[in-house]
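Each of the next two complexes has chain A plus one other chain: chain B in the first, chain C in the second.
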Partner chain A sequence: MNNHPLRKSFQKGLVFGILMVFMVLIGFHVIAATLASKLFGANVLRGAIPEIRFMTYIHVLFGIWAGWSASGRTGRTSNRIFQGLVTGLTAGSFIALFDLIMNYLIQTGTDVRWYLSALSFENMDYFLLNLGQMGTIVHLGIYTATGLAGSALAVFIRSEAVQHGWQNLKSNISTFITRINETLPPFVRKYGKYIFYLIVLAVLFILPAQWGSYWNYVVGMVGLYIIAGIGLNIIVGLSGQLSLGYAAFFAMGAYSVGLINAPNPHHLMWGFWPALVIGIIVAVASAVVLGLPIMRLRGDYLAIVTLGFGEIIRIMLKSDLLINFTGGPHGIHDIHGPKLFGKPFTSDVDYVYLIFVGVALSIFLYDRLQDSRTGRAWLAIKEDPIAAQATGVNLQKYKLLALCIGAAFAGLAGGIFSARNQFTGPNDHTMMVSINFLCIIVVGGLNSILGIILGAFALKGLPEILREVENYRLLAFGALLIIMMLGRPNGLWPSSRPLIEKGDCSQIEENKTDEGGKNA
Partner chain B sequence: MNSEKKSKPLLKQRNLFKIIRPIFGVLVALFLIWRLYLVFIVQNQYGPETWTRLLISGLIIGGVYSLIAIGYTLVYGILLMINFAHGEVMMIGTFAGYFVFEAAKSINVPSAGNPEMVFANAFPALSILIAFIVGMTAAAISGYFLEKIAYRPLRKAPRLIPLISAIGASIFLQNAAQLLFSPKTRDYANPEVMSRGNGWKFLINGSQVTLTYTGVFTFILSILLMIGLFTLVRKTRLGKAMRAVAMDKNTAALMGIDVDQTISNTFIISGALAGAAGVMWGLHNGLVYYFVGFLPGIKAFTAAVLGGVGNIPGAMLGGMLLGLVESIGPTALGISYQLKDVIAFVILIVILIFKPSGILGEVLSEEKI
Partner chain C sequence: MPDLIIETKEVSKLFGGLTAVNKVNLEIPKHSIYSIIGPNGAGKTTLFNCISGFYKPERGEILYFGQPIQGSATDFIASMGVSRTYQNIRLFSNLTAIENIMVGQHTNLKSSWLDAILHTAKFSREEKKSQDEAIRMLKFVGLSGFGDFLACNLPYGLQRRLEIGRALANKPQLLLLDEPTAGMNPHETKEMIKLIRQLRDELEISIILIEHDMRVVMDISDQISVLDYGIKIAEGAPKEIQANPKVIEAYLGPGGAALAKKYQERRRKNA
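On to the complex of A and B.
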C-alpha cells in the first residue's frame, strides 16, 4: 500500500539530486549564489565567488523545493511529511556521493577542467561550503532537514484553513476593486479603455527620453522582435503554416537596407526610407519565389523546407560566391541611419520612437487583418484545409498571401534592425534567430498580441537585463520551451477566440479516441 | 452566362500554380546541364583519380547519414513527428566515444617492448569496441529519456506542440554540452593503427588515392548495422510490433501490443544507431564539439525525406545518395566547396516540390495523414 508513493518520492529525490549535480557541473551554483547575494544587496564582482552563506541559502531553498514537490496533495499528513523526508534523504545521499568524488578530486589534486570545464577547485570547495569531508555530512543533514521542512510547509499551506483564508482574501480584494469601479464617474467607466491607451501612449512617448541608452537598446530590441513576431504569427498562428526559416526574410530586409545605404560594397546611398521600402519588397518577392512551388506541402515538410531556405540564404550571404555583392562573412559596416525632416537619427532614443511607430503600425494592421475576410479565411485553412476549400477558399492564394504579408513584417523589422546596429552580417540571421522568433510567439501565445509582447519581453528582454546568466540563457530557453509545451501549450497569454472553438473540437476528438482504445 | 464569367478567373488561377512547377523544373534542369557541360566538356580538368576520391568520401559520409536518417524515419513513421533533437543524440554518442578513447589513452599497459604503451594502442580493437558500446548505450539512454520527458506527454497534442518541444530539447542538449564540456573543439584520440590518414594507398592515373582505414571501417560497420536493423524490423517480434504501431496505434493496442513500450524501444534503437554514427563521425572526421550533431542531423532528415519518410530502405538509399551528391556535387557543378550544404538543402526543396513522397515512397500510419 505504502510502496507506491514511497517509490515515487524516492524517484523524485533522485531527480532533484541529479538536477543539483548537473547545476554544479555547469557551474551554475556559483551564479545562483551570486544572484542571491545581489538580492541581499551585496556587491559581487563578475567572476568572483560570493560569501559562503549564500551557498547555504541555495542548498536550503533547493531542499525545501524538493520537499514541497514531493509532498502530495492528498493523503494522511504524516505520510505526506514522511514522503518529503524520503525525498530529501535521497537527494542528500545522491549529492553526498557526488561530494565524495569531489573530495577525492580535491585531495589528489586532479584537475578535470579539460573535460568538465566548470569543475574548478574553487567551485568545488564553494559547493562543499569550504568544509572538505565534513561538507558531505552537512549536505546530507541539510537536505534531509529541508526536505522535511519543505513537505511540512506544503502540508501547512495546502491545508484547508490556509486555503480558506486565501480565498477570503482574494474575494475581499475583488469586491474592493468592483466597489472602486462603481464609485468612478460614468464618463471614466465608459471611456476607460481609451484613457488607458492614451496613458500608455504618453508613457511610451515620455519614457525613452528619460531612460539611459541601455534601456532604450533593450526596449528597441524587444520592439523589433514584436514586429517580426507579429509577422510570423500571421504565417504560423493565423494560416497555420509552420515556418522555421523566418530569419531569411529578416535578412532580406536587413541586407537590402545595408546594401543600399552603406558606403561599402556598393556606395548607392539612396537614403533609409527608400531602402526600407525596397527591403520590404525584396522580402515579399523572396516569399513569393519560395512560396509558389511549395504551397502544396504538408505541415512539417513545409517547416523543413523553410528551414532549408533559411540556411541557403545564410550560407549564400556568407560564401565567397557573393563576397563582392554582400561583403561575405564580414557583413556590411557603417550603414547610415534614417533622416526625418533633415534631422538624422543619432541616438537610440530616435530609433525607439521609430520602432514604437513600427510596432503600433503592425499591431494595427494585424488587428484589421485578423477580423477581415482574409483573416477568417486563414483561420479556416488552419482549422481544416479541406473544409475551407470546400467552402470556396482558395487555399494556395491565401497561404501565399499569409507568407508574403508575414515576410513584409520581417523585412520591416530587419531594415530597422540593420540601420540601428549600423551593421549586419550573416551571423545575425542564423537558424537560432528563426527559432527565437518562433519561440516568442509560441511561448507568448499564438494569435494573441499581448502574448507576443509578453513573449518578446520574457525571451529577449529578460536575458538582456540578467547579464550574469548570459551563458545559461539558451539552456534555460530550451528547458523553458519543453516545460511550456508540457504545462501551458497555449502560451503565457492565450488568445481567446480560437481557444474556445478549438477547446470544443478537441473535447469531441478526445471522446472519439477514448472510445477507440483506452490503451493507445 | 454569368456563371461562366465567374469560373474563368478561377481556372486561370489554378493554371498559374500548375505551370510554376514545370517552369521551375526546366530551370533547374537547364542550370544542371549548363554547369555539367562547363565542367565536363569545356574545362575537363579532373581525371578519374579525383572522382574516385570524391566517390569514396561520399560513400563513407553517406553511411553515417543513413544511420542517422534511419532514426528519423523510424520515429517519423510512428509518431509523425520530426525528432529535432536526434542530431543532439548523435552528439552525445560522439562525446561518449571521445571520453572512452581519452580514458583508453591515459591507461598505461607496459609491455616488454614498449614501457610507454597505452591501452588504446595495445588493444585497438577492444578499445574501439568499448567506445562503440558506450557511445551507443549513452545515446540510446538519452533517446529513451528524451521521449519519456519531452514527447510522451504530448502525444495527443496538435503537431506544432511536440515539434516545439523537440526544438527545445535540441537547444537544451546543445547548450548543456557546451556548458559541461566548454565550447572548444577537441581532437578525437584514435588508436594509432586507426589514425586518420592511414590507409591503403593505390595509384590511379599516376596520382595517389588513399582508402583510409577509418573510412573503410565506418562504411562496413554502417552497412552491418543497417543489415542488423533491417533484420530486426523484418524478422523479430519487436520489429513486428513496431510496424504494427506505425500502421495503426489503436488496433495495435487491441492486439495486445504495449504501444508505449514499443515507442520507447523505437527511440532506444534510433538512439543507438545515432550513437554509433556519432562515434564513427568522431573516428573519421576527428573533431568533437557541442554543435557537431546539428548539421548531420538536418542533413540526415533531408536524406530521410529524399528516400521517403517512414521507409527504412528509403532512408538508407537517401543517406547514401545525399552523401554522394554532397561530395561529388560541388566539383561536378563547378561551384565552391563552401556551398555543399546549399546543395543538400536545394535537393531537399527540389525533391519536396516534385516528389514529396520521396524516391521509394512514404510509409506512414494511416490515421494521421
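On to the complex of A and C.
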C-alpha cells in the first residue's frame, strides 16, 4: 500500500489535535459550547459553564470535521475510510497526551493561570467532560470513532449517486423557477424589479418599529458602516487608491456635527442638517488637502501616507493643544439630534430610518457613478494607470475626484454617527476603525454593493450579536480572512461587470468555426 | 514637401549616462505607415514613450502638426489625437472588452460625474452613442460577440486586436503600434497586416510601427527608419533599407554585409 496518503492523514490528525489544544489553551472550548447550548435554546449565564453534553457535541463535530477533511476525493473507498480513521486516531492521541498533562496539573493542584489566563481548573475539567483520568480514554475513543464516521460520511456524500441526486435537485429547482417566470403576467415580468424594490422598502419601513431598540442599534451601526464602506469602495475599489486613513474623513463629519450642534465647547447650535452639510463639506475639503500632495503616490506608499493622515487627525483631536476647540480626550457630549418638521429624533427607530435613507442614497449614487464615463475611468486607473493616462484619462483629476466623493460619504456617515450616539471622541476614530472599513469591503467583495452589505453584517453586525465571542474577535477575524483567501478570494459576493454588447453565444460559435476554417 | 503629421528634431533621451535616443530626426508624412526597426535596445520604444508623453526628452523638439508637444502630459497628448499600443499588452484586464473600448473613447465624451448622477439627457445620449460606437469598433477589429468577455479571458491574438480597438476609439490621427504582431502565428499576422492597411486606407490614420518581423515591415511600410544604439543609421523605402550595408551590419555584426551578399547571390542562383 502506498505510504504517502497515510503520512498525510497522520499530519492532518496532528494539525487538528494542535488546533483543539490551542483552543483549549485560550478557553475557546467553553465559548463554543456556550454558543452550541444557545443554539439549542438553553440559556447560559455569562461566565458560567454550560452542560457537559454540549462539550461532547463539540468533540464529536470536531472529530467528524477531521475525518471528513482527511478522506481524499479519489481512491478506493476502504483506503479513504482508513485515512479518516488514522487522522482521528492521531488527533485523539495528541489530545490524550494533552489530557495527561492536564490531569497531572489538576492532581497536583498547579495553577497555570499566571501564564495561561483561560486555563482554569473548571475549564480543564469541562474539557475532560468531568471524567478526570477516564476523560483521556474517552477522548481517544471519541476521536477515533468520529474520524471514522467523518470519512465515511465524506465518502457517502461525495459518492456519485448522492452528487447526481443533488445536481438533479438543483436543475429541477431552476427549471421550476423559470417555469414560474414564464407563467407570470408580462406586467409583473417587466416591472418585477420595481415591485421587488417596493417590497424591500415596505419591509424596511415596518421592521424597525417592531424590533427592540437593541436590534435597531445594531442595524443602524451596520447601516453606517455600509454608507462609509461604499464611500471607501469608491476610493479603493473603483479608483484603486489603497487608503488606510478613512476614519479621518469619518471623524471630520462626526466632529463637525458635534462642534456645531452641541452645548460644549462652542454652543453654536445651528441645527443638525446644516451641521451635516458642513460636515460633508469639511470632509471633502480635507480630502482635497490630503489628496493634492499624494496624487503621485501609489500602493504601499499611499497606504502609509493615508495611515499617517488618519493618525494625525486623531491625535490632533485628542491633543491638549486643541482642547478648547475640540474638547480634547473627553470628546464632545450632548450632541443634539436632528429635527424633522419640528419633531425631534428621539428613538433609535428614527435614526434607523435616517440611516436607511442614507444607505439608499449612497447605493443610488454609487450605482450611477460606476456605470458611467467617470466610473470606467476610475476602473481603468485601478487596472493600469499608465495605459489609462495614455487613453486620455487625467489621473490627478479622477483620483482626487474619487477621494473627494469617498470622503463625502464618510462625512455623511460620521455626522449621523455622532448625532445618534450624542457623543463623539477621539477613540471613535482610531486606526482600527479604518481597518474595519477596509475589511468590510475586502471581505464582502470590492465593487459589489451586496458584498459590502454582507461584509458589514458579517464584520459589524455579527460581533454585536455574538457578544460571547468578543474576546476572540481578532482570532475570528484572522480565521475568517484565511478562509476567505482560500475559499472566496474575490469576497463573499464578488462583483461582476455589466453586459453591454449582449452578444449571443451562437455568434461567437460562428466566429470560432469561421476562424477554425481559415486556419485549416 | 508633403504634409507632416509628426516631426522629431534632434530628440535625445538620457537615462543616467546612457543615451537611449540620440539626436533622432524623423519626418513622418500624413496617411502613411512608417516603421521604426532596429536591434533590441536600440531605443525604439523609448522614442515612442517620448512621443506619447511618458518621457520628457532632454533635448530636441517633437512637433505634432507643427506644434511642440514634448514634455506635455500623456493624457493631453492623447486628447490631441495620438494613441498607442504596447509591446506587452496593457489592457484593463478586469473590464470587459467593450468597456475597454469605452474607456478609449474617454477624450471624445464630455459628460461629467454630475451628469452621471443626475442622468441628464446629455449623459443618456452620450452613453447610448458611446455604446453604439464601441460595438461598431468591436466589429471593425473583429471582436464581434466577444464584447462582454473580460479582457483577460480573451485569447492572445484578440487581446492585441482589442488593444488596437481601444487606441482607435480615441479617434486618433496618429497611431503608435509597438510590435503589433509579436507572438502571433502566420495566419494571425496576415490578418493583422490587413487590419493595419485598413487603418491607413479607410480611417486615414497615420501609423508609426515598431516591428521585428521583417516580412511585415517590408510588406506594409511606406518608409522605414533604422535605429541602432539610439542613433538613426538609415532611412528610406523598404527596398533601400534592405540593401543598406549599415543596416545589415547593425543586425548581423561587422562583416555581415558581405555575408548577406553571398547568401543573396546563392539564393538567386538556386532560383
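Throughout what follows, the second predicted complex is superposed on the first by the 496 of 520 C-alpha atoms of A that agree within 3 Å, B and C clash if a C-alpha of one lies under 4 Å from a C-alpha of the other, contacts with A are read in each partner's own complex, and residues count from 1 in each chain.
Heads up, the rule we're going with is that a contact is a pair of C-beta atoms (placed from the backbone, for glycine too) under 8 Å apart; a residue touches a chain by one contact, two chains touch by 3 or more.
What you see is a predicted model, and the numbers here were worked out from it, not measured in a lab.
Touch criterion met: A:Leu475 reaches chain B, while chain C stays clear of it. Of the two partner chains placed around the shared chain by superposition, neither chain B nor chain C is touched by A:Ser174. Judged by the touch definition given at the top, the superposed model places A:Leu369 against chain C, while chain B stays out of reach.
In the superposition on chain A, A:Thr77 makes contact with neither chain B nor chain C.
In the superposed model, more residues of chain A are touched by B than by the other of chain B and chain C. In the superposition on chain A, A:Arg298 makes contact with chain B only, not with chain C.
Once chain A of one complex is fitted onto chain A of the other, the partner contacts of A:Pro489 are limited to chain B, with no touch recorded for chain C. Legend: residue contacts after superposition of the two complexes on their common chain; A:Ala118 is shown touching chain B, with no touch to chain C. After overlaying the two complexes on the shared chain, residue contacts for A:Gln133 are found with neither chain B nor chain C. With both structures placed on the common chain, the touch criterion links A:Ile405 to chain C but leaves chain B unconnected.
In the superposition on the C-alpha atoms of chain A, the part of chain A touched by chain B in one complex and by chain C in the other spans residues 394, 510, 519.
For chain C in complex with chain A, the residues that touch the partner chain are 52-54, 73-75, 78-79, 83-84, 86, 90-99, 102-104, 106-107, 109, 111-113, 115-117, 119, 123, 126-127, 130-131, 134-135, 138, 144-148, 150, 166-167, 169-170, 187.
Every residue of chain A that touches chain C in the complex is listed here, in rising order: 365, 368-369, 371-377, 379-380, 383-384, 386-395, 401, 405, 497-505, 507-508, 510-511, 518-519. Contact residues on chain B toward chain A in their complex (touch as defined above): 10, 13, 17, 20-21, 24, 80-82, 99, 102, 149-150, 153-154, 156-157, 159-165, 167-176, 179-182, 249-251, 253-254, 259, 298, 301-302, 305, 335-336, 338-339, 341-342, 345-346, 348-349, 352-353, 356.
Looking at the complex, you find that chain A touches chain B at residues 22, 25-27, 115-118, 236, 242, 292-301, 303-305, 307-309, 311-312, 315-316, 318-321, 394, 396-397, 435, 438-439, 442, 471-472, 474-475, 477-482, 484-486, 489, 510, 513, 516-517, 519-520.
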